[in-house]
Amino acid sequence: QTIKIGVNEPLTGAFAASGTYVVNGAKIAADEINAKGGILGKKIELVIEDNKSNPTEAAAVAEKLITSDKVPVLMGAWGSSLTLAVMPKLIEYETPMVVETSSSGKITTTGNPFIFRISPPSAVEAAAFKGIVDKLALKKVDFLVINNDWGRGTAEDFSKMMKDKGISIGLVETMDQGAQDMSAQLSKIKSSDSETVIVTTAVDQLTLIFKQAAALGLKKRIITTGGSQNPDQIIAQAGAAANGTMHLTTFLPWFPDKTPNPEATNYFITEWKKRGFEFAGCTESFRGYDGIRTAAAAIEKAGKAEPAAIKAALWDINIKGLNGDVVFRKSGPEGKESGQSQPNVYLIEINDGKVEMKTL
Amino acid sequence: MRAAVTILVVAALASVPLWLRDPYLLNALITTGIFVVGAMSLNLLLGFTGQLSLGHIAFFGIGAYVSALTSLGFDVGLPGGVRLVHAPWPPIAGFLLAILVAGLCGYFVGLLSFRVRGAYFVIVTISFAEVVRLVALNWVELTQGPLALTNIPSIALPLPGIGELTLRTKMQNYYLVLVVALVAYLLIARLVHSHFGRAMRGLMENETLAVSVGIDVTRTLTLAAVISAAIAGAAGSLYAHYIRIIDPEVFAFINTVTMVIMVISGGKGSLAGPVIGGLIFGLLPVALRPVMAPEAQWIAYGGVLIAILFVLPRGIVPSLAQRFIRPRSGAPALAPVALTETGAKEPA
Amino acid sequence: MSEFFQHLVNMLVLGGTYALLGIGLTLIFGIMNVVNFTHGVLYTFGAYIMFIVVQQLGLNFFLALPVAVLAGWLLGAAIELTLLRPLRGSDIDTTMLVMIGAWIAMQSGTLWIWGGVAKSVATPLPEAPLVLGPVSVSWLRLFVLAAAALLILVTYLLINKTSLGRAMRATFQDHDTASLMGVNVDMIYTSTFAIGSSLAAAAGALLGPVYVIFPQMGDLAAVKAFAIVILGGLGNITGAVIGGFILALAEELGAGYVSSGYRDAMGFVIIIAVLIFRPTGLFARAERVG
Amino acid sequence: MLEIRDMVCGYGGVTALRGISLDVKAGQLVALIGANGAGKSTTLRAISGLVPPRAGRMRFEGIDITGARPPRVLASGIAHCPEGRRVFPHMSVEENLDMGAYLRRGSGEISADRDRIYAEFPRLAERRRQAAGTLSGGEQQMLAIGRALMSRPRLIMFDEPSLGLAPNIVERTFAIIRGIRDAGTTVLLVEQNAFDALEMCDHAYLLENGRIVLSGAGSELIENEHVRKAYLGG
Amino acid sequence: MTARSIAMNIEQVAVRFGGLVAISDMSFTVGEGEIVSLIGPNGAGKTTAFNVMTGFLTPSAGQVTYQGTTLTGLKPHEIADLGLIRTFQRTGVFPNDTVYDNLLIGLHRQGRVRLLDAILGLPGARASERRLRQRASELIEWVGLERRAHDAAGSLSYGEQRLVGVALALAAEPSMLLLDEPVSGMNASETHRFVELIRSIRDRGITILLVEHDMPMVMTVSDRIVVLNYGRIIAEGTPDVIRNDPAVIEAYLGHGAGRA
């Protein structure tokens, strides 16, 4: 007899790499919990399904997990459109889901009371960045963002925040997810009169951007947002081109001591390495780890593996996640609020191929 | 005999929700059914006019967006300071508008198809779909771009005198898709067996000859494109109201490829082909899911596809028909095209 | 103004890579009439060979290139022998679908073997760019441009100036008659596909280090390659090269001066426009009726 | 030289040749005549290996070529000028001619042969660089004949070479055919222009419904009542 | 020649392909109900002239009028709608359809019904369908291909395919028929039968313009002959005049053509 948790992640298709990382993090959490005896005296069992990076599939997977596998709680579904596609199913079957990665503001504002998100939407990130902005003495910034909800949302929320601080906004350039050549956008940015570029995209495109910016002789300060940077991968792949770049991140695997829960961080990193995964994956996978721990904590608190009880319990948990306290606050229309927790945000810098904590 | 088989098949399909209780499988059947409708519409172009549209998803997506926007309402600024405001209409109006607008787009693409053929038509359709996708992605004010249109209402059928019936349950949606599919099937069947269908076939096989006996290329191809696009638009609308969220990813190339797989594996140019191919390749992933790793599922999917074509190279329905029903006397054994006027054919 | 020159230089470098993508496909799609959905996978395959040879085996970058070309040739020959030969004489759509199946299976195979995480390849070329006044360009890309030019030239000569090239073209225009001329058409089918594949692999091997290497990297490349081939006219190598530059120009200027969101749309709008005015591509083959 | 025994041949469900035996002696010009659909072209296709025979044997210069693929048949010395021109449409006239010499080595001799063909058909010389697919019907036919001659075979098979040619060019073509026979090349000729064919051949076969119904010297067949009525319009 | 009304008028037509002049300054007329032959050496421009007349090519200069309508700018199918129907020099069939279906496609012009009628299967559409099938069978019988009616047209022999091509043209109910080398690939006896066929077509009031290299046939069937050489008309007249025209003999007939 086990307690099942449904995991709805992209394991093939465009987001396969990230989805796999998240699942690996989730497995570490499950194994850790089970090693300590499980919850409510039972082992937990992850039912992992591939949503193929496709919204239709994501919805179908949710349906399967809830109706066939009878999981009382889900974690998923990485991308925002994947999560959004799942959401009607949550209402239909009254089953809660812990959202570990998606950043679209819509997820917690449309009135879906079964959503509990631990990743920061861009507005939260922007708010956290507010304090740092002054110290960086920014004057004018350009944006280069991935053309999806995440990039667009970041550009919007950061612009708003910066305008309030009197910083002027220059270009807002986008790139398609999967685009490989950003030279045209970077050439345009190169000849603009701003001194900083805010870049939001996944790690692969970041690598390309750094390399291509270096090739074009772009000498502006680059700050990335979104917490998907994998600085180690960037250092490994972009080499010297990554030097001097700054990254806004939510997790500090390089400095376990500076994280809110050093013990858990150390455990997680040791386990991650022990399983032979690339260290670079940590910054993505920790969300899977936190997500499962969140779900497990809620089950424990609920005292039974039933959706309604777990949903109620999610409001009451308070665990120390790898990137801060997971405590859900209400967000969205009254009476149908979703839960949103506030993670920590840090700024790091890459210098001489090493990650440094930026002390400001 | 044929009528009996048809009735039997329809009855069997209609009975499914009565005994199939698993919502997951029913859900798979509904989404498959929606794609089957899309595949049938693609077959009208590919199988009966020989024009391969690798951008067919554009019509499907346009249908989905039109339907969603009609039922959600929007408020956009147009050049010149004009604001276009639309208050939400009932979804059924969205469904009809989706058919209309998709058909209209089909008309324009059809006009293009008068100028280009074969590979060139293929790339124009791919390009069209890409441009539409990029508009959907970048015209944020209207489509919300990558933020997706959410909370799309379910279709509600107006019942005169009683009110309306909102189709929320799986069973209701299943029957909705089934009815739309049947109507589309009948429409296509009638069309291709009429004299328009013959004109299409003539154009497909030897265009020079066809026009020389008075067949109007533009009219015939446009007609096929309009009807095909309209049906695809209907499927898109069903999709939007069933999945209830729509984002520019709906235009993804892989979705077109899925329809192409359904059509050709089932047998292009046969009416039942896309239905059979569609059911197989719509449900195959469901069958593979529990038995192997995610990557392996895709490999198996590709492998099944190849295997089917190796055994039945003309597609399931035509190849089986040829084998079991009546060996068509004297089908040209050597490629007969080489003997005829238009000689070297461009790739489709 | 300096921005414009930078765009122009970018266009040249990008155009060279597009041309390289186009020529391999123009052999298989333009000359052989196979709608080759595996082109992107072969491109990806070339890039992974590069990764294996350079990063995993630690061998020389310049040595890895011919290895990738050879590996592409072998894989191409294998695909032709196992997947295309049994279907010789079938409809073009049937072979297209088999290629779709192979594409899906092989791409997932790549994901399975190497995982989804992007890889990159270190090169011995200097990292600091070549700076010429207001414009700068990376040495690696210049190298790729030069290598692409060389491959294009060799392919051009092979197809247009050798008797093997002539036999290839003849075979796919009328294979019965070609066999009456003494052409071993089976050999031609296999070698044409293999050569086209090796060019795809070469493109991947050259561009892999420029970009990053991951299982779906070939998809976008393949779509662009199709566009380029058709823009330039099927089977026309010169056309494919010019088509590549036109696409690059459209994208650069589209992103630079219109809107980066519509960068990729530019290329497609150009294609639609070109085909409206020249329905058989820029360099149409002469045709006649009657 | 060429010896065919009881050959049966067909396409899919259709049987086109129902047991054909014929002989072509070295240095002869042999004509094969028959109505539309009789199986003349199929006979030539079977010899050159385009259509595999279902039964029967073929020997050329004593060597068994039953079931050999076209390149081998050509290499053994038999060339086939196919029905319906079949030029390579997107290749130039010159490239088409060069394809005829695909198996030959020695560029000097090849280009001499090409010049001879240009001399015979000046029209082709004028059109050297033109894509063959845009040539007029007759020009394509000349090209097809020229291309077949380029392979320098010991036995050459023509399938309706006069098709679509102007009368003066038909004359010239027949003169060429007689000429190559006189120079020692064996010829197997399929012609609808039955009168001319019978007049110039050494031996003729009449094919009806996939069977040989008559054979003899050309002059004998011309005299034959059935032949006159059915094929010579008399 | 009696004064007939003019069916087709070709006025100063010229066609160039790049630098190559295929037709220059070609003018002649064809009278209603007449059989006119257009002959000339290979590559003289005969098929090109057909292509101009049927809208497949736009002339570089000049124009063609048919029964008073200027054909400039009309598309091939619109010209076909005027009753001007051609055959092709090489075979022209719909290869994957049966001979019978080929003819049904050829009968397109007779079978037009409204889209909605066809989709709803209204009686009008059904009656029209029955008429078409009747007519298709008649045409097959007429060219003598009954035995092959249900074989794919692409599987027919070369000569048989050419017959299908002619039947297709007739199916389109021409008022004027342009035949491009209809008897090439037929033997003398088959040609004789074909001549009878042509005459019977003409007797139904259909004007015929014929391109053919079979001189005996041309000479017996034509009312008038126009001779082209290198895109120019070099002679025009009755068969007797043409047969003995030295320029025609030199450029085209050859000296052995006496048998013609």
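Should a chain be cited, it is by its letter among A, B, C, D and E, assigned in written order, with residues numbered from 1 in that chain.
In this section, a contact is a pair of C-beta atoms (placed from the backbone, for glycine too) under 8 Å apart; a residue touches a chain by one contact, two chains touch by 3 or more.
Bear in mind the structure is a predicted one, so any value in this text is a computation, not a measurement.
Each step here moves to a touching chain, and the least such steps from chain A to chain E number 2. Farthest from chain E, judged by the mean position of CA atoms in each chain, is A. By number of C-beta pairs in contact, A-C leads over the other of C-D and A-C.
The geometric centre of chain A is 36 Å away from that of chain B, both derived from CA atoms.
Centre-to-centre separation between chain B and chain E, using Cα means, comes to 41 Å.
Centre to centre, using the average C-alpha position, chain B and chain D are separated by 50 Å.
With centres defined as mean CA coordinates, chain E is found 29 Å away from chain D.
Taken residue by residue, chain B touches two or more other chains at 137-138, 208, 295, 297-298, 329-334, 338-339, 341, 343-344, whereas all remaining positions touch fewer. Multi-chain contact residues of chain D, defined as those touching 2 or more other chains: 11-12, 14, 50, 84, 86, 89-90, 133-134.
Taken residue by residue, chain E touches two or more other chains at 17, 47-48, 56, 86, 88-91, 151, 155, 158, whereas all remaining positions touch fewer. By the touch criterion given at the top, residues 11-12, 14, 33, 35-38, 41, 83-85, 123, 127, 130, 134-139, 141-142, 160, 163-172, 192-195, 229-234 of chain D touch chain E in their complex.
Residues 46, 52, 112, 115-117, 119-120, 122-124, 126-128, 130-131, 134-135, 137-138, 208, 253, 257, 260-261, 264-265, 268, 293, 295-299, 301-306, 309-310, 313-315, 334-335, 338, 341, 343-348 of chain B are the ones touching chain C in the complex. Taken in their complex, chain D has these residues touching chain C: 48-50, 69-71, 74-75, 79-80, 82, 86, 88-91, 95, 98-100, 102-103, 131, 133-134, 147, 151. On chain A, the positions that touch chain C within their shared complex are 12-20, 147, 173-176, 178-181, 183-185, 187-188, 190-191, 203-204, 207-208, 211, 214-217, 233, 236-241, 278, 280-281. Looking at the complex, you find that chain B touches chain E at residues 187, 190-191, 194-196, 198-199, 201-202, 205-206, 208-217, 223, 328-333, 336-337, 339-341.
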